[in-house]
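We call the chains A, B, C and D, going by the order they appear; numbering starts again at 1 in every chain.
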Amino acid sequence: MSASEEVAPLRHVERLAVRYAETDQMGVVHHSNYLVWFEQARTGLCIARGFPYHEIEASGVWLMVTGAHLKYRGGAAYGDEVDVSVWVSRYQSRALHFDYEVTRGDELLVSGTTEHVWVDVATKRTCRIPSHLVGPFRELAGLDRVTGKLD
Amino acid sequence: MSASEEVAPLRHVERLAVRYAETDQMGVVHHSNYLVWFEQARTGLCIARGFPYHEIEASGVWLMVTGAHLKYRGGAAYGDEVDVSVWVSRYQSRALHFDYEVTRGDELLVSGTTEHVWVDVATKRTCRIPSHLVGPFRELAGLDRVTGKLD
Amino acid sequence: MSASEEVAPLRHVERLAVRYAETDQMGVVHHSNYLVWFEQARTGLCIARGFPYHEIEASGVWLMVTGAHLKYRGGAAYGDEVDVSVWVSRYQSRALHFDYEVTRGDELLVSGTTEHVWVDVATKRTCRIPSHLVGPFRELAGLDRVTGKLD
Amino acid sequence: MSASEEVAPLRHVERLAVRYAETDQMGVVHHSNYLVWFEQARTGLCIARGFPYHEIEASGVWLMVTGAHLKYRGGAAYGDEVDVSVWVSRYQSRALHFDYEVTRGDELLVSGTTEHVWVDVATKRTCRIPSHLVGPFRELAGLDRVTGKLD
């Protein structure tokens, strides 16, 4: 029996301390920084799964950002520690979506999605996901897994 | 005859030179910076209409960001000059949406929307748009105008 | 016997993973980000000593930056983890200096100093260090301690 | 008679509007941003002299930052327009220093220096200034000029 549809994507959580430089004169984190945090969580996700993104780039492909959506419910402040959760919300041969939640304790501060395509660095054209990454990313997306035991 | 529905919102265009610090190792502007550029264009729009945003804040309200959407088609590079266009795409008594286009010559690089609510700085609660700003912002939105002659 | 002069200041080390957004088109971290890392290390130092900087600010004083000096020997890259060390290099009643070293393994990448004065938030004037912080900061600076056992 | 020693270096001034994102919770521009402004002024200086820095990089050399010094006297605020002045303060065959002043009207806010070496992009080693840039940069530095008439 295939359990593909029923298996949730794998979450990675990155804990961050708010940097003073990330605040603005409203006294909370400037809204552009959440995209930077999302990216840091993606970095952490790839490291946790054993294929660091800097190695993916070195192999000749970019996972280029084509879209971003953010919903701001509350603002993180200097002195806060926040958790940035990330998971693959859509898997296609040429595109990936990631979803995110930034929380402070039980409080959801910001949620969002980023959309990406694979790009061949040499030609600067979109391409299919490199074959050696198909398995790991399908697994991240919750596809093709029989068990949830991954860590 | 009311021409409200037929009048386009007023556009403001801010010309920017890409900063070296805004690039990343892909060789183009990091995707988070477009939110900063959008904000700079909003600043310019308010100045052009005669109600600088720092004066709006000083009067006790914030136009707080509650959402953002970006679509990336191409990347600005160091050495480029780009135009960031902004206009009010939705006007409500408690909320405003702005739309944006970043272009390099004829090429559309990035488009986007930001969503905002008015917040009373003293109480940190959402509020209605201050009365003295109703006219200017409705005009920006292309509402309540008989003629298009504004500049 | 006073050992003041012989006691080294206390070091705090903050480990950071380079963020993609921190790189520029040279392929290494943009030189402005080291000031942000220095600040994050100061934040960590204060937390480690039990007087978080956001609480210091909340008590009504700023430790305002009046000068900065950086020497760049090598560049951190995306994929690197670096250690940012910080210690109090000069203690005065109205001023503090911090020194920093950013290392990647055994390699020293960047070193620097930041200079600060205490400022009363209410009056925006310089002031003396708050009395409850004299002890902790003198101790950080390696003054007034008989033993080096602090953690 | 050589007037080399008596000729002042050429100044370039870049006018900037403070960005909201550049402020921090102290209500003024975060101190790291001045390095970004210095860089933007260097970019403007090179453009004004007819050799844009992105073309210098494209020709195979970097003017890499090896040191930076900043003195903060006052803080720029959102709503301010500031002038960032830059000039070559030291010219050597393998190194260049630039000095800066950030002013708001007559008020000097920040001054600084950045130190640079020429680096061959291909080998990542320091090198001499490319021959076609010797004349322009010596002229910027106020060397080898008979008259001050340059613009």
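Note that in this section a residue touches a chain if its C-beta (ideal position, glycine included) is under 8 Å from a C-beta of that chain, and two chains touch if they have at least 3 such contacts.
Just so it is clear, the model here is predicted, and its values are computed rather than measured.
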{"item": "Chain whose Cα centroid lies at the greatest distance from that of chain C", "value": "B"}
{"item": "Selected interface, A-D versus A-C, where C-beta contact pairs are more numerous", "value": "A-C"}
{"item": "Centre distance in Å when chain A and chain C are each reduced to the mean of their C-alpha atoms", "value": "31"}
{"item": "For chain A paired with chain B, centre-to-centre distance based on mean C-alpha positions, whole Å", "value": "27"}
{"item": "Inter-chain centre distance, chain A versus chain D - centres from mean C-alpha coordinates, in Å", "value": "38"}
{"item": "Junction residues of chain D - those touching two or more other chains", "value": "20-21, 26, 32, 35-36, 39, 78"}
{"item": "Chain D-touching residues of chain B, taken from the complex the two chains share", "value": "17, 19-21, 35-36, 39-40, 43-44, 52-55, 77-79"}
{"item": "For the chain B and chain C complex, residues of the former touching the latter", "value": "20-21, 23-28, 30, 32, 78"}
{"item": "Complex contact set, residues of chain A against chain B", "value": "26, 31-33, 35-36, 39, 62, 64-73"}
